[in-house]
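Each of the next two complexes has chain A plus one other chain: chain B in the first, chain C in the second.
Let's look at the complex of A and B:
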């Protein structure tokens, strides 16, 4: 019951947020939603299945271009273009399956890095479709006669997608599929000996992960309204990786916390002129030092029953209420 | 033409190899992929730049200054930051190196500015002709230094206590500790030598690619690719991988003109093909893990 109250309260708060927030804050929240979905995707692949990837900006790019091009060139209705972008990106995920079946750890990381570099190099040269280096304007998303032309409207779109994707991720993690992923991560050969087909489940992991990131890409293109190939570089892949690892690997709330934290951090720092990069770097190092298992790992550790006694009373009451 | 392309490919390949060795030294003893390496190299190279152009000191001093800076940076990173994050998983430490890189980039921006700077060649003079192959004097110096480094490292791993202790730590941390090796200290040594090597390579790379805040990161990516190509655990592998990568890059000139802009893609594709055939890299040991 408490859980129910808590979740409906949180949902009401999120649904009413546009009433108190500035348009700019909403825009950043939308971006946080984009990265949240991408981070969930990477987490399912790296955090749950143990397959490193530092090339996810490639999938983000594929999703973004698919999301923008399908309505613009093929007149695909907008409500269909987002899932289609996810599926196209998911199919592209199978490209990485070939190295993933042979390679582990750092070798796989380099193969994914190569994938990201390849996408970044092909996009600007495929001028006929992508508009080259200059990028392209994304048509306004329209849905049942309603044009999503303001940050508020886009916020609700992002909110719906984020909630759906979180629920889907929860279901995947709790299902047979998710348990197979964890088994592969923890001990590949033992998993295989127990009858888990590596090919089948790694393929699923890559498809799902690329699907998530593709959806995030499509959402990105609608939120920003303009896409160009330069945005989807190694730095973006590393950003998604950092969101996943700093939030907490192998945990869904971790992805939420990590994506929101790292999306907002540069904006919190915008007051410190010339110091942003320094503080950003220092923040990364500090999080690693004080929360080695990610921010969510830190929260989990400090809300363990034995540590709970040492927390100040009001804070303890909050934690206990949340726990139910 | 072919010989020319191969020789100049070998020259850039030796530079990749030198940087790759720095990465591998750290990776072997600590299992951390040092992604702040590009920025650490950039920072040390800027020290050399400052000694050369601001204080007008001779090249030898600038060279040593950069290496000393890299050495110190390695120690500071390991002792000051990474040792503080006890028991952190490798992925988190990887992110810490990224954060340190950003800090260095910010500091370098304040001190030396944001524009691209030309970096002087150490030796000037007309190129050397070897048959029909033209070799720049700088390339000859690079070959000489790379060979010297390879020999020095070989001697270090074979004959010195630190080198042997490093090998032991790389092989089995727990057994090494039981043998009385201070594993933490060995990690610091690897960081110091690794980043120092990067600084040395940086001073040799900077005249070719010029010096700014981010260019060394691109070189580092190539070094990572070279290291992976050779097998991330093997030093001779890094040399082979680096040289091969340099030559491969130059030979992409033979690609059909329509595909020419996709050079990086092509190089990565080759790497992936090599890895698909030999998943542990060209000279890497295959890792048989107990289940």
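Let's look at the complex of A and C:
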């Protein structure tokens, strides 16, 4: 019951946010939503299944271009083009399955790096379809006669997508699929011995992860309104990776925290952009040393019953209320 | 007693409400970015990341002129110019955020000296829809002034001018028939290539060799070899400074010396990067080299730049931003003390043969907001730049 109150309260707050937030802040929130979904996707693959990927910007790019081209060139209605973009990206995910079945850890990372670089090279050269280096303008999303041409309207689209994708992720994680993922991550051989087919489950992991990132890419297209191949580079892949690592690998709230925090950070630091790279690097190092499970891992550890006693009273009361 | 208090409370609240309402209505009627003593001008210029070496001089060049106007004459009609140049890191997604901040929070009067093609492209529709004037974007792309948009004014010549001028000069003036082209694989190189080849085909000339390379290329030997083996007598370089230097050095080792032609990205700094290989390269400029002797306007620029940013070497990037800023302040001045966006636009449209001695003449009209059309052909000779002639591609 308490949980229900908490979540409905949060939902109301989110739904009413446009009333008291500026369009600029809503735009950044929309971007945070995009990265949230992408981070969820990467987390399902790396955090839960243990398959390292630093080429996810490739899926983001595929989703973005598919999401923009389907309505622009093939007159696909936009409510269909977002999931379709996700599926196209998901199918592209199978490309990575081939190295994933043969390589582990750093070697798989290199293969994913190659994938990301390949996508970044193909997109600008396929000028007939993508508009080349100049990039392309994304047609405005329209649904039942309503055009999503303001940050407020796009906010609600992003909110709906984010909520759906989080619920889906929770479902996956709590299901047989999720348990198989974790088994593969923790002890691949033992998992095989238990009859978990590596091919089948790794394939599912790559498909789902690429699907998520593709959806994020399509949303990115509509939120920004303009996409160019140069944006989907290694730096972008590493950004998503950072969001996952900083927020918390293998956790859904961690993905939310990491994505929102790192999306807002550059805008908080807008006077000190040069510092941004330094902070990113420093944060990553600190996280690895002190909080290997990210911010969320840190929060969880310090709200465990034994640690709870050490917290000051008011904080303890809040945690206990949330716990129910 | 209680009644009186209630009435009093209602009176106070109503007074407050009406005051606030009155103030907000008054706010709405004001011109955005203009107060009694300031004019807010916004810009998006990359000051971090790969494009920072271009962006930072651009900020400094523009800021130099605005500072000068503020310090020397207290601004325009008593209004000091506040130049807010936000860093978008050359990432169009950031540009959208930065522009929203400038337009909706800072409520700038106009966007001036913005940097970049893809960055401007991402926010172009938004700025047009919101009626925000944009003056002097730093980029060469065609969309910036064609088709004509009421609120957007360019100063830099676009890729049509560059591409066609290079092709025309090679064929008509230098009378070369065997022409080679090298271009960098990005928006800049691709668009230039389009117009060079179009103009060449109009003249009945097919390039004997065309090479293209990614922006990250470091080894140009195979490209130069291709050009040499095709026997190109003139090679049109459509790229940036570092890659041009690498190509020239490579050609020198091969003993290959065609007539090199370049665009506005070439500056005499090429001598430092390529040494004697840079000799006799002909490139297109549209601004007087800051180091030109006996030139008061160029000297003033170097003087002012040194005053506000001591130690910064004048470059083509800071100079064009400086000139763009001059365009802005001249228009603000012509618009008069009763400043509105519409008056600012009309003031710009009165520019006929406008120049401050550093560029070819610029003329605007309600149907033509493109800036420089005629270009200056310059040769690298004896360690410096030598002016050859002015070339108006529209005349051929």
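Here is the rule we use: the second predicted complex is superposed on the first by the 303 of 324 C-alpha atoms of A that agree within 3 Å, B and C clash if a C-alpha of one lies under 4 Å from a C-alpha of the other, contacts with A are read in each partner's own complex, and residues count from 1 in each chain.
Note that a contact is a pair of C-beta atoms (placed from the backbone, for glycine too) under 8 Å apart; a residue touches a chain by one contact, two chains touch by 3 or more.
What you see is a predicted model, and the numbers here were worked out from it, not measured in a lab.
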Touched partner set for A:284, first chain B, second chain C, both or neither: first
First (chain B), second (chain C), both or neither touched by A:111: first
Contacts of A:293 with chain B and chain C, given as first, second, both or neither: first
Per-residue contact with chain A, leading partner among chain C and chain B: B
Chain B versus chain C as contact partner of A:242, first or second or both or neither: first
Touched partner set for A:137, first chain B, second chain C, both or neither: second
First (chain B), second (chain C), both or neither touched by A:234: first
First, second, both or neither for A:122, with chain B first and chain C second: first
Which of chain B and chain C A:103 touches, first, second, both or neither: first
Residues of chain A contacting chain B in one complex and chain C in the other: 121, 125, 274, 277
Chain C contact footprint on chain A (complex, rising order): 22-24, 27-28, 31, 121, 124-125, 127, 132-135, 137, 151, 220, 224-228, 230-231, 266-267, 270, 273-274, 276-277
Chain A - residues contacting chain B, complex: 46, 98-99, 102-104, 106-107, 109-111, 113-115, 117-118, 121-122, 125, 187, 189-190, 193, 234, 238, 241-242, 245-246, 249, 274-275, 277-278, 280-285, 288-289, 292-294
Contact footprint of chain A on chain C as seen in their complex: 47-48, 86-87, 89, 91-94, 96-97, 100-101, 104-105, 117-118, 121-122, 125-126, 141, 185-191, 214
Partner chain A, residues of chain B touching it in the complex: 27, 33, 35, 81, 84-89, 91-96, 98-107, 109-110, 221, 224-225, 228, 232, 261-262, 264-265, 268-269, 271-272, 275-276, 279-281, 287, 289, 291
